[in-house]
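I'd like to ask you about the structure that follows.
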């Protein structure tokens, strides 16, 4: 579903990704682990098309199409979703309104009918409840005044509503207490399906206790230095990244 | 930056021709010859069959105007205006003293307003809104007059008010904006041709929104209307004006005067959605909108609230103000002003605190795009008697693209130690991370900008009457088309 | 300029000063040096055109110069041969420049033992010796079209010139400017100081203007300051002119790339004071701090007017100015931040606050943003009001008498501004000056 080959990318002229090869088939959840500064978040931004992240080499194919040629919204319409590490605040923009506009934009592109306010509310209320959120959150401005946990839940809510084909979760566990983590993980697990791929970017093994990955990749200094099964995460937890770093 | 530039490109193509109110109505017009002198003033007054006192007032204004010079302090640039090169009166040909009822109104005019989204037939109207339709120099129709009369509310054209309620007009006209107040107000006082008149009697809460829809149609004419609203003790009225004009290469002058008077515990809410033709993408054509709007909170605990959404006009020069005389009176000013392409706006307010315990709030949101220049200019003045006066001002500017400008010029003058004045201003652009966040959720860049700008203006838009809030939101997005980015 | 010129009527006070210039110009320092003459002539023209600006001129909307215009000033032409007692603030071990009625007094200054690369000279001497290096600073940084600085250019006889070679840390230098007017007539003087820091140089300049006599005088000062790349100037100014003095000052600063101008101005003297600062940031990553406090009592009038020009990208400016007013005092703050189209990534912040302590005091403020670049972060805030009632009550409920409680809150208000000065000793000096002012002011019970 997602195929990354020889991907190199630079930020402000400095190479951060130094040749990444990675394939995530539909139905699988892959985890990317690595210490701070290894390029994890950069990978997420490059895949979702953020400005300022310059791809210098390599290709990314998503559902058979060249992902890198697309604008950010085209990637979203194609079914790619990035749950931000630091969700952005949009003062004055109502959360429900934002989400409906995003959903309708995607539905429109897929040739589906747009939802009116009533239909949308019906859809979204169920999802809100499942995520242990209150309806009141829909009335507030997007992420404005949200706690860290609320922001992360809001990201998962968007994911649940937009139903993307592929989800990238960028450090979704950071800043969450154990209860919030469980709720978020439940939300993510509910979206696991044979048609959907996921890439879970995390610093710690903790999240992977709740979202058990099919594969774990270790990113160090812009390269994947090791790949393995779920056990790899445990091993890292035990030994830390130091050994790998020394080996690299 | 690149993303913005790119969007600028993409949307520039769409820009041209987005002003969908730019059509012209073909109708037989009566237009007096170009030029302005005392005879023209007399002619306008004669056409309106005005009483002698009003003619005298106009002439005094005209003489004052002749001795005045055009103000140059605003941050706007335009070539000199030849005041002799315009018609000062243009009206659709009609029966001698105007139509008595809608049935007599030229169907072409009714169609014009329908096209503008303002059907004048009452059964088709939004039930809660009465409309006075002003076409060039005259009012062509006023709806729901009878229904309003039942509760004693007078809502009619200014000309009709002069005929039917001369005592009210004579008592209040020029009491808030004197004929010699400023260059454009003096010009208006000399040649004003029509406008709306509203009188809300004591204790009456006006049962519906009142609105005036201004339309400039004729070539080479200026529009000089005058609006006067008097709210007696304990009354309430919400009033809205809208304006559009055909797309023309020439610049046309619109110099209006609005006077509001609120007596004890009266409230006037005055909303404007200003959408005069802004000129084309190269800055050709467009309306010069030089307007004097002022309200006097004469009575204790009276309140005047201005809300404006300024999206049109080539040049806007406009400072809806409040004179807070009555003890505990309240003034508010909520403004969104967009300048795109080559539009220039110099707009803001004056809050003059005279009485004790007076309060004022100013919220201004300026959005500059393209080559637009947007200036907030405001005065908060606390006079020695204004014990415990309060003002809060929030003034935010948003820049879209690197060829525009945003300027903030507040004046704060306090002569009473118990008064408290707070002013905050910020200038920024749409953050890249906000744009990216929206786009990564599937919105196009243009949609994302529209969404963020509407969010930016939310505080002001929520002050608009429901019926118009949605329209105003759309207008914001449309105004940014083509330069968005 | 061949078109027939309609000569505007020049006010008598203006023509009297222009006549003085015409009479003096052959004897002023630098006379017959072409570029100096041209500079003086431009200044005279600017003064002829603008005269004493009236309140109809936007930049002077809130400051009435009629008292200044109507005072007849004699020239302080003959050097005052006085040996005044230097103010307390003139102590300390650092190099010291004493200006007496605008004249450089080497005999009162302490200029021995200056480090290599530190030059301190009198402007009059340098002009007489035709020091060509002056051309790059004198008249090159101050705007040419302002009338009072124009008059300064026409009539300037002396001033201090401080030049620091690239890379040199000059430590501290003190300027003590004394106004000693004779009691029988008013005098005017127009000193011009120049401060030039080479690339990477640094200096802390303590710059005091003190009234030392009882007479009326007008100090019409211009300082031009050039900071080379990466230079750093800390400029602490104390304006403590005599009560009957007029003080008009223009400080013009050019800050090149990565340089920093960090200033604090405490205004507490003069019956009418106008402190104008024009700073331009000409290179990337330059920084500017333009802080200050105005203490205004009695019938006094104090005006701080600043223009900050962001003419290069990635620069930062911030400004906090506080004004305390008592009696029938009038205070003015006008602050403009101008961000040019090239000045992307500008970070500009401005705050001005006024405390009105009497029913007859008046404050007029006009903070202003003029912005032509989109990728900027600029904000300003202004507040006007009296002491916070809740705070006053809180202090009194703890047994502190009202007068003391007020003092505490006023000092807290001012300390907040003074704390922006990083040097502790300088902070103490400034706080002592604010304390002294507060003690002098009459407090209505």
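A, B and C are the chain letters, set down in written order, and residue numbers restart from 1 in every chain.
Throughout what follows, a contact is a pair of C-beta atoms (placed from the backbone, for glycine too) under 8 Å apart; a residue touches a chain by one contact, two chains touch by 3 or more.
If you're wondering where the values come from, they're calculated on a predicted model, not measured in any experiment.
Enquirer: Where the contacts of chain A and chain B overlap, which chains show up?
Expert: Intersection of chain A and chain B contact lists gives nothing.
Enquirer: Indicate, using Cα centroids, the chain positioned nearest the centre of all protein chains shown.
Expert: B
Enquirer: How many angstrom between the C-alpha centroids of chain B and chain A?
Expert: For chain A versus chain B, the centre distance works out to 48 Å.
Enquirer: Chain B to chain C: how many Å between their CA centres?
Expert: Those two chain centres are 44 Å apart.
Enquirer: Find the geometric centre of each of chain A and chain C from their Cα atoms only, then give the gap between the two centres in Å, rounded to an integer.
Expert: 57
Enquirer: Once bound in the complex, which stretches of chain A touch chain B?
Expert: Per the stated touch rule, the residues are 48-52, 71-73, 75-77, 81-82, 84, 87-93, 97-99, 101-103, 105-106, 109, 141, 158, 162.
Enquirer: Taking the touch rule as given, give the residues of chain B at its contact with chain C in the complex, in rising order.
Expert: Answer in residue numbers: 1, 4, 73, 382, 384, 397, 399-429.
Enquirer: Which of the residues in chain C end up touching chain B in this complex?
Expert: For chain C paired with chain B, touching residues are 58, 341, 344, 354, 356-386.
Enquirer: Per the contact definition, I'd like the list of chain B residues that touch chain A in the complex.
Expert: Per the touch definition, chain B meets chain A at residues 2-3, 431-434, 436-445, 447, 451-452, 454-459.
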